[in-house]
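Chain lettering (A, B, C, D, E and F) follows the sequence in which the chains are written, and residue indices restart at 1 in each chain.
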Amino acid sequence: MTREDGRTPDELRPITITRGWLDHAAGSCLVEFGKTRVLCAVAATEGVPRWRKGSGMGWLTAEYAMLPQATHDRSARESVKGKVGGRTHEISRLVGRSLRAAVDLSQLGENTIAIDCDVLQADGGTRTAAITGAYVALVDAVNHLKQQGAVKGDPLVDSIAAVSVGIIDGTPMLDLPYVEDVRAETDMNVVMTGSGKFIEVQGTAENAPFDRSELDALLALAEKGCADLTRLQREALDA
Amino acid sequence: MTREDGRTPDELRPITITRGWLDHAAGSCLVEFGKTRVLCAVAATEGVPRWRKGSGMGWLTAEYAMLPQATHDRSARESVKGKVGGRTHEISRLVGRSLRAAVDLSQLGENTIAIDCDVLQADGGTRTAAITGAYVALVDAVNHLKQQGAVKGDPLVDSIAAVSVGIIDGTPMLDLPYVEDVRAETDMNVVMTGSGKFIEVQGTAENAPFDRSELDALLALAEKGCADLTRLQREALDA
Amino acid sequence: MTREDGRTPDELRPITITRGWLDHAAGSCLVEFGKTRVLCAVAATEGVPRWRKGSGMGWLTAEYAMLPQATHDRSARESVKGKVGGRTHEISRLVGRSLRAAVDLSQLGENTIAIDCDVLQADGGTRTAAITGAYVALVDAVNHLKQQGAVKGDPLVDSIAAVSVGIIDGTPMLDLPYVEDVRAETDMNVVMTGSGKFIEVQGTAENAPFDRSELDALLALAEKGCADLTRLQREALDA
Amino acid sequence: MTREDGRTPDELRPITITRGWLDHAAGSCLVEFGKTRVLCAVAATEGVPRWRKGSGMGWLTAEYAMLPQATHDRSARESVKGKVGGRTHEISRLVGRSLRAAVDLSQLGENTIAIDCDVLQADGGTRTAAITGAYVALVDAVNHLKQQGAVKGDPLVDSIAAVSVGIIDGTPMLDLPYVEDVRAETDMNVVMTGSGKFIEVQGTAENAPFDRSELDALLALAEKGCADLTRLQREALDA
Amino acid sequence: MTREDGRTPDELRPITITRGWLDHAAGSCLVEFGKTRVLCAVAATEGVPRWRKGSGMGWLTAEYAMLPQATHDRSARESVKGKVGGRTHEISRLVGRSLRAAVDLSQLGENTIAIDCDVLQADGGTRTAAITGAYVALVDAVNHLKQQGAVKGDPLVDSIAAVSVGIIDGTPMLDLPYVEDVRAETDMNVVMTGSGKFIEVQGTAENAPFDRSELDALLALAEKGCADLTRLQREALDA
Amino acid sequence: MTREDGRTPDELRPITITRGWLDHAAGSCLVEFGKTRVLCAVAATEGVPRWRKGSGMGWLTAEYAMLPQATHDRSARESVKGKVGGRTHEISRLVGRSLRAAVDLSQLGENTIAIDCDVLQADGGTRTAAITGAYVALVDAVNHLKQQGAVKGDPLVDSIAAVSVGIIDGTPMLDLPYVEDVRAETDMNVVMTGSGKFIEVQGTAENAPFDRSELDALLALAEKGCADLTRLQREALDA
């Protein structure tokens, strides 16, 4: 069984990670999962939110957003509508939780790391590309902060990567582009550490409930995909 | 190993489902998971959102919200802040997706079902109580609509229940109250059909990544909890 | 002349006040005027608004709101609309002013009392039920704060109750349910102290201007109703 | 007993009504109650709100607002804050209800009258000045619409005027400027028809509850003040 | 060639500047350019925005707004819409930048001057009338602050005036009313100092691009108009 | 006199225009003026705003925005703040007006062209880069629409380019990067047609008023810069 774009079911799309895409950010990269293209930028600022002051610990937040013409049909700009949509909120929270799992906040001092993932072009898997790219930009930012002496500790505890999996016409498949995503019976986003543990598992029955064996097959596929992405992150960081 | 409230790890809190708690709504119930208390109400209106017009199919939406004094410390009212928070958005979307899985929208005609789940008191598991109660209110609403002749088909395809599970001090536990929830290393919300299939699996490493065997243990516990809730829903509906 | 529900013109609907309906709030009650059902909750927090700092005096605020399905036709949620409506604003301000009349703010210290009145079901008279119930919850909250030592003085100066009156087909009537309210020529909400003085008188010619003798008849009826409610509040607090 | 500005307790401040202050509005006036200065403008547009369509009846709305430097200390602009405050909402609703009492909406056809009352300078009594001035502008607007043939019927049923009264140091007084308003124990705004009936009675115990005899004294004073204003309106309209 | 209102192409409309139109503001005036009528008010408050604290320098902000019935067709109120429109934002920023050019902020101390320009009636040239009037109100406010001792230095460095110019049917014209403004091929707003230098030049091709010679003709006309306005400002301030 | 980056005063930064940077948009380009990097995208949709319906004419709108980490210090996201800032509003309006000058809207039919200019990295001149790039993307979009048959006429009437100029230490300079922009005494943005006429001239005295001869020098420099950009646009479109 081959897919429309010629991949095998357990094969990622071509992945590109271009580090240092921005000149001002402490760390940044442009990450591409096929035609999905996300600009990840990481800034560090002194101070933490009010509820964390005096704890001696840092904080990490993330915001995900999509440009109006990232999708095939132009969508209205959230700033013009005056509110952030539910999907945007949900994904921003997911990216933040996922990246916090990469960091020992007690090693950051009372500094805040702000991650921005802006989808320049969307073709499925934008949230998983965002998380995968954000990790690379985060490593560069942390190294930059250490060089500057702004961070003294060693806050990075593990690497983080994410991938989507889904069941299409009964077959579990890895890293779905938009055309597959809309047809999937079940759709799952999985965030894992480089050491092979789970950070987030979010499975949704889009068109049909799934049973335990389907769930197991999807999890196995996600483990394979995250391992591949972890290797590609390491290569990008070593380059 | 017993828990602070005396339950065994695979035991639900006392569950109460009071049908018809409201006089105006087409269907309603007050659902209680221990001290968590959620008022679920279901309304039906003619017409569907613009993007669905002419499809001959219905629609179902849900909104979840929390009263300011539902929690121990009063939280600011979202209407006064002028925006819906990310957590509220995320749970509203989850409730909607979950309940849509109970319904064959093509049997509804071009009508919209609006579900409101308002948390009157929160003690952990509010989203799973909301989904479990909303299903009961939905059954009453659909029967009401059929009696009125507003719905001719048979839109209900399966029952839906949801439960939280988590790992606390290394032990997987069912249906976490707030005191357990904040201590959990890993926390998972699972939505299942009455026939034992999965609708949503949302697992999050709160304090530590989890491995595959922990994930398996949590899924097994959730299957047990959802089966119990399905039975309690049936009893409430038969009463 | 009897009314649709069998009451005499000067008779209240069945009034129920269930104290301690919530576990977290400093004071709370579920108050019912017939089918109108309002959940009143009272929280105390340290500190006062900026313009009151350093005065040594406390503050008291109130928010009134209605659940979407409290009324017969579902109304849109104000948090989702992103703004508080004029009616909500107006009643919140009325509740706040009324309850502040029960309290000597100089006895509170620089603490703020926040009252939330959430209408779970609406059948006329929601604002008067809210004020009447809020007073009971306030007494419990103040006693709780005194036990904790958070309040040293004796801030409660008088009890507060409120009732609606109106003229229907030329007859002044007490405590209008929705079916009477929409037919009323004139509609008045009156807030009084337990000692029989007025705090607020808000009369509105809904369908026809009213003359001085009609106004006098409505005021007499309101005095009777508030006296009845004061007695019921005392009974609830003594229970 | 004389007042700071030399008036007797039952005397209005100097009242000025300048008709036709604007060139574009269908009707307008600048109304002054002493130093309080309100610009009232009335526009008519075809069509009615959605919920009134097909009724054959018209509608009337009103908006009240205050310029930032109308008061002694500059207040933030509501458009910049992004929301209308509770006080503004409350007064806008009062002005609308009051003026609707002047109009037989069935004589308007499906047209909407929009009244804007903008406080250019505030020195107490802004809402009563707004109502009193809005009536004059409304008469001019209705006559203008009749001349244009846009309104065929005779929608004006009675004149409307409003005044504030209050108790200061135990003495009931008419038409309070700001310095008296802040000292008043009790404060009442009364809206009446030209034929001497009540449209709105809004009494508030600002600093002390009031008894029935004080209420009676305030009502008598308001009747006197509204009669004076009605005469001044008539003179302005006859000029 | 004469214009509809009988003016020559290089002639201003009748200009009226009424100082001290408000009682509370530190400085104020009602400025009229023909039927365009703008109320300018200036307030001073202690303190500066956060980003300027500790600089020892003051700040000056401006807000421009239009009443709903200032224009021929009533426009919706921005506070009710919940957001400030682009045009309002743009003009507010222009007024602020222009008036800051009149002031040496280092002579103000850490105080903020807030200028409000509210258009009561619009007939073209509202932003230029606002700037021209705001300067006069600013002079009165600064003198008031110096008398009070709140400002010790001499912050006013030059006078500021503004005028609109445009090309209509090929002829450059000064100070366009609405009927000319909508027909203009090109439209320019120019802000100048009393000493004849430029502060802002904003030219826009409304209906046709303009060449360099047209631009030169418009600039010459604007220089003439601003010189006339400077003289009228001086006369108003000397009165 | 040479500049920090080695350019002569009348020399543009390196300009890059990468067409077709997006796969979904009807036309798009990534335009770079030195380190300033703007993604321009053009979409066409059927229909026009309400006020233009039935005119047979099209419409063109533009939105300009900046990513949070486009600048050196991260700025808050406007969607999260819930409102569009004044600067964003002002530039969006400028881009829209400028590009409408390139188009004969009567040749578009009742279609709307939406232009999005998102600043990915900012180093001065973002609005002029946006306009210059938007024109190139617009040409590609119009050609695309004509190929599809969606546009039958020939709406493009002239090319549009924009550049910034300013006076630094008394010397007029072309195309200012951020380090020059903050030091400029005077700053001007000029939009011109390919045929050498002016569309917009926006000059601002940032730190000192400017006289007529300085204005003339800046205009001459802008004419030179726009001519260079027009040539570069043509080369990009011919490639």
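Observations, loosely collected:
Here is the rule we go by: a contact is a pair of C-beta atoms (placed from the backbone, for glycine too) under 8 Å apart; a residue touches a chain by one contact, two chains touch by 3 or more.
Just so we're clear, the structure is a prediction, and the values are computed from it rather than from any experiment.
Using the contact threshold fixed earlier, the set of chains in contact with both subunit A and subunit F is empty. Farthest chain from subunit A (centres taken as the mean of C-alpha atoms): D. Distance from subunit C peaks, on a Cα-centroid basis, for F.
A straight line joining the Cα centres of subunit A and subunit C is 50 Å long. Chain centres here are Cα averages; for subunit A and subunit B they lie 27 Å apart.
Each chain gets a centre from the mean of its Cα atoms; for subunit B and subunit E, those two points are 58 Å apart. The centroid of the Cα atoms in subunit B and the matching centroid in subunit C are 32 Å apart. Each of residues 82-84 in subunit F touches at least two other chains.
A ring topology is adopted by the chain contact network, closed into one cycle in which each chain touches exactly two others. Traversing the ring of chains that begins at subunit B and proceeds first to subunit C, the chains occur in the order B, C, D, E, F, A. Across the interface of their complex, subunit A is touched by residues 83-87, 89-90, 92-93, 97, 101, 158, 188, 192-193, 195-205, 209-212, 215, 219, 223 of subunit B. Contacts from subunit F toward subunit A in the complex involve residues 22-25, 28, 35, 39, 41-43, 45, 63, 65, 67-74, 77-84, 88, 114, 116, 118, 120-121, 123.
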